[in-house]
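In what follows, chain A forms one complex with chain B and a second complex with chain C.
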Partner chain A sequence: MQTNRPLTFDFRLLLGSGLLFVVLSLAWFLDARQPDAVELIPTLTGKPEYCLTCHADLPEISASHPVETFGCVSCHGGERLALDADLAHSTMRGGANPSDLSVAEASCGGSSCHSGSEADDRHHIQRVMTSIQSTYAGAIAGIRYTFGAQTDLNAHLGIRAVTDEETKTGITSLSSFDPASEENPFVQKFGENCLTCHINAAPREGEAYARGTGCAACHSTGEHTLSTAIPYTQCNACHNRGNYDLRTMTFIERSDHPTQRIDDYYQPIGLFTRCEYTLDCVDCHTRSEVMGDGDIHKDQASIEYVQCRTCHGTLEELPLTRTLTDPNDIAFKLDFLNPVMDLKLGDTILVTEKGEPLWNIRVLPDGTYEMIGKATRQYFTFRPVMGTACEQKPDEQESHYCHECHAVEK
Partner chain B sequence: MRPSFFHHLHPPTIPAAQARWRYTLGAGGTAIFLMIILGVTGILEMFYYAPNPQDAALSVQTITYHVPLGWLVRNLHYWSAQLLLIVSAIHLLRVIFTAAYHRPRRFNYLLGLALFVLSILLDFTGYILRWDMDICWPLTTGTNLLKTIPWIGNFLFRVAIGGGEACSTALLRFYTWHIFGLTILVVILGFWHAFRVRRDGGIAVPPARLRADNTRISRNELVRREVLAVLIVGILLLLLSSFFPAPIAPAMTGKPSAVENARAPWFFLWVQQMLTWGDPFIFGVLIPLGVLALLTLIPYIFPKPNEAEIGSWFPKSNRLAQIVVSVIVILVIFLTLLSYAN
Partner chain C sequence: MTNLSRRDFLKLARAGFLWLSGALTLGGLIRFLDFEPNPAPKTEFDLGPAANYPLPSRTLLADPPAVLWHTESGFSAMSLACTHLGCTLEDGADGFTCPCHASRFDADGRVTHGPAAQPLSALRIEMTDDNNLILHTD
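Up next, the complex of A and B:
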């Protein structure tokens, strides 16, 4: 039997069409709800990226890394085209911190950036990798020697293995320190409890200890900020936190809440002169002291060399100076990165005994010195020791002798 | 009213029994509709997809996030492909469980089986075209399985991959197979399959003399039902595509490499699970091919059911085939679930 039903109104088809229309509208609505993508094509890569769709409100990270030039992906990695947060962030280097030393080479390195040649002074990452801040070699050697795990105080182990074939210190390599393979329980405990103050390690919990790892440990001085104007508070996150109790191998947090800067130092027995609690650490301590000089050093003392006399000279000698005649002098570069001095050709600045410029200290025509705080931009003047009534013996010129007279009573 | 072209694709009337939902499940027609969606969305994707290792995953991201309604097109393509496998499997099971595969439909059964295998290969090659981190393991494992085949393994590997290892040449080959080689086969076999459905007397039902109900429906009614099916599947596709985005992963950097928690696409999970048991040639090649061979031989090794039982579910005269195929289906589902559990 054949049924040739004519085309008639069919409620099912109407309902289906209506539902299809609703679902299509829903898809359209979902599409319209997507945020408008914000495209950025950094001049350095020439490849579009869309991070600013969500991150437009982040401050520029530094004047040296303008977002129009670098974009975000050059440093942070990530999926530059993705507009889904999970996918976009999935391949970011070092999570929120691309300067973590495990990824710094990929994020910050490259011969034109921070892992270039020593001659171009672009070997920052190599310097940091071998620096005491990263190897923690002195503390490891000291503890292992104290508890009989090694027979001398020389550095053999670091937080991670490093090599330096062109060493000037005689230390060509450090093996990786593995607390689990240590036999002495104190050394093991040291490994468990006391390895939070090198820049590979995540900091202890608490606002006072807040810092990044890697380059950011020092240079990230605020949210999404990189700076060479590093205030002492940044250093305090590690260097002013409390003390290790070597009997129990535990860290004792400081419990006081100092209100004056002079009280804000962690060594209760330490002596400090006025400039030491007025200036910032970076006003005196140099780049190579803090970031390393590219060689592996055995401990902190062997890389730290700036003394009071570096700036003030002695009774018999004025501090070392250099008159800037080469426009490519590193001092100009450093002043450019943190423009506090406006150095000019012909200016005479102080230099250290290793020739590192103290580029924020300029010699004035009357033989005194002017200094501008790198972090505070405060203006100071000071005199050399020569010609004063200082009674220090000529062969006792280390800073601790200066402290005997000039330390401020707490 | 004069029938339109689309109406003319259908016979003027067909037995009502051939067009009952609860008999056909609408699976074959739905598969055609899904293939059309796949063709249209696939062509749209081709306007943006870049089949080279540097840009492939990025172009997928571009489609997903930056092309107007690109996300919808990609999700529709993805969900159509997944549904196609499910619908094809249901179609195959319907044919087996209603004993519809015997002469004169035996050849069309083989065409359908070939279409099913081609659909799986199309799904796999499409999956590989993402060229992101998630495809590394399936790509290297899947292609290395070819190598385990004695004598011709290396040759097959070279044919599939094109080079010494799964790298840039592989992507271009998968692309060409996906959009051209396999697709054109599907189109040819698909038309042949549909042609044979009509040539073989429509969907399997008992001969008119043995039929309890000899009602016929017009092509108007048939088309009406097809449109209704299309609307339902279309709504389902749009809902899936709107709320469950197609998987995407970070772009691959460098050559494909094994990653942790690597997982094959869902339709190969049962093979992946077997691969954990031992010899890849036996578990990854021989057994899956054995299953395929068994399915191919079904019309040949099992007796022809009674004419009166053709076109009804689970005919008694066809029990053995039902049991064998049910065991295979249960095992495949069980292995798939086991793989998910691991």
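Up next, the complex of A and C:
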């Protein structure tokens, strides 16, 4: 017994030291399997962040937001020094989408970024917040009026409460639409089933509806990508996906599987001209129509104004134009963000009746026009209506009159 | 050949384990202490021998983005980080252009086109005793 004691003690020491060695070796092994920390110090913040340790494979989000300048945390939030995924992501804004309207001001705002002054054309977030795309004011007013919940068609409610103290439309605010407080069961059901299309709504299930929310709903055209070259397919995540049935207050998904571009549009009674089913939505519809102009509007019709004549003119008038003489003209900025035209001082472009530049349409020396698709970069030329055999009556200038002759029957 | 007793073998193995454990612990400690997760931004940049920048010369530096001049009056430098949001400016025939948001600056760093509102910053150049150039960004 006495002779065994020292051996047992030695043996225990051996086991202890061996166990210590195994534990430390295991710790080294596990640590060695971790990726090396990748440090980035964005010039904008000067503060190191380690997001690229795991996310180095993400594509650059846009030429205007290089990662070396912005880093990740400026927009996404999160714990910049954390190497543990759960901790790093714990304080991110908007989950994977910092442009969700609930956090867009913190992520995308700031006077130098997207919530600056109207004079500097940096009030993008204000424009989006008050736009029909996010208030859905027209649809809400229409349904409530139809079912007797309000006595006029004016906009009183929006998806969220919003104010515009410097309104040009006369609408200074909208209160939040609360379906649960509505008395009419149809309006309640509308609230339950039909609010999937405003840009901050979670999209319906299915690949055809896949989109982000907030700014990303329109501008995120791929994985970790922001763009102003927005193809019509992006718009189609909400538009042309089916129709609402007002009797049942349900959304009826389209059941066809279009193989031609013209059939991608889905309005059973709709008529489309060649340019409407060849170009992308953003080639004709202006930024204020689509993203809002900073004012609260009562419905879609009150903000949408581009017609066929905007580009083609009428029998008696050519379309409006502007010769670029100011290097600060907004057209140059838009062309810079999506460089399809290489505009130069002295170029003459088309403008709308509100003075918005149709900056991808340039007047050619022979009086015709050249246009480059903002998303497709396709080259087109076209001519004005004036001087053609068009027999349109002078008082019939809306697009639906053009459709009578120029639309393709589906 | 010496016969190793059982006790000696245990001692040797134990010592081996302890030494290796100690080495692993020391290595881990060094690795831990060596890692600085939140370093202060670098403000001094060694540009190497002044002789690398002959008179007269104009040199674009990549890190930090800056332009270094060597003229009769000596060395001078200007930051090429855009004063709008910090993107690195591109050198052009009539000044510098921001590839991110199209701000433009003339050759002396004055704003000619927004959104930037502030001129480019002059940077301090120091010559060391052994004729090396140090660029200061603070």
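Convention: the second predicted complex is superposed on the first by the 401 of 410 C-alpha atoms of A that agree within 3 Å, B and C clash if a C-alpha of one lies under 4 Å from a C-alpha of the other, contacts with A are read in each partner's own complex, and residues count from 1 in each chain.
Simple rule for what comes next: a residue touches a chain if its C-beta (ideal position, glycine included) is under 8 Å from a C-beta of that chain, and two chains touch if they have at least 3 such contacts.
All of these numbers come straight from a predicted model, not from anything done at the bench.
**Q** Which partner does A:20 reach: the first (chain B), the second (chain C), both, or neither?
**A** both
**Q** On the A-aligned overlay, A:81 touches which partner chain: chain B = first, chain C = second, or both, or neither?
**A** After superposition on chain A, A:81 lies in contact with both partners, chain B and chain C.
**Q** Based on the superposed arrangement, let me know which partner A:37 touches: chain B (first), chain C (second), both, or neither?
**A** Both: A:37 reaches chain B and chain C.
**Q** Contact-wise, after the overlay, does A:117 reach chain B, chain C, both or neither (first, second, both, neither)?
**A** neither
**Q** Of chain B and chain C, which one contacts the greater number of residues in chain A?
**A** Touching more residues of chain A than the other partner does is C.
**Q** Name the contact category of A:11: first (chain B only), second (chain C only), both, or neither.
**A** Only chain C is touched by A:11; chain B is not.
**Q** So, A:328: does it touch chain B (first), chain C (second), both, or neither?
**A** In the superposed model, A:328 contacts chain C only, not chain B.
**Q** Given the touch rule stated above, what does A:381 touch, chain B (first), chain C (second), both, or neither?
**A** In the superposition, A:381 contacts neither chain B nor chain C.
**Q** Which partner does A:175 contact after superposing on A: first (chain B), second (chain C), both, neither?
**A** Touch partners of A:175: none, neither chain B nor chain C.
**Q** If you lay the two complexes on top of each other, which residues of chain A touch chain B in one and chain C in the other?
**A** Touching chain B and chain C on chain A: residues 6-7, 10, 13, 17, 20, 24, 27, 31, 37, 50, 81.
**Q** Provide the residue numbers of chain A that touch chain C in the complex, in ascending order.
**A** Checking each residue of chain A against chain C gives 6-7, 10-11, 13-14, 17-18, 20-21, 24-25, 27-28, 31, 37, 41-44, 46-48, 50, 63-66, 68-70, 81, 112-113, 120, 122, 327-328, 332-333, 336.
**Q** Could you list, by residue number, the parts of chain A that touch chain B in their complex?
**A** Answer in residue numbers: 1-7, 10, 12-13, 16-17, 19-20, 23-24, 26-27, 30-31, 37, 50, 79, 81-84, 87, 90-91.
**Q** Write out the stretch or stretches of chain C touching chain A in their complex.
**A** My answer: residues 6-7, 10-11, 13-14, 17-18, 20-21, 24-25, 27-28, 35, 37-39, 41, 81, 84-88, 99-102, 113-115.
**Q** Note which residues of chain B are touching chain A in the complex, please.
**A** So the residues of chain B in touch with chain A come to 1, 13, 58, 61-62, 64-66, 68-69, 71-72, 214-218, 220-221, 224, 227-228, 231-232, 234-235, 238-239, 241-242, 248-251.
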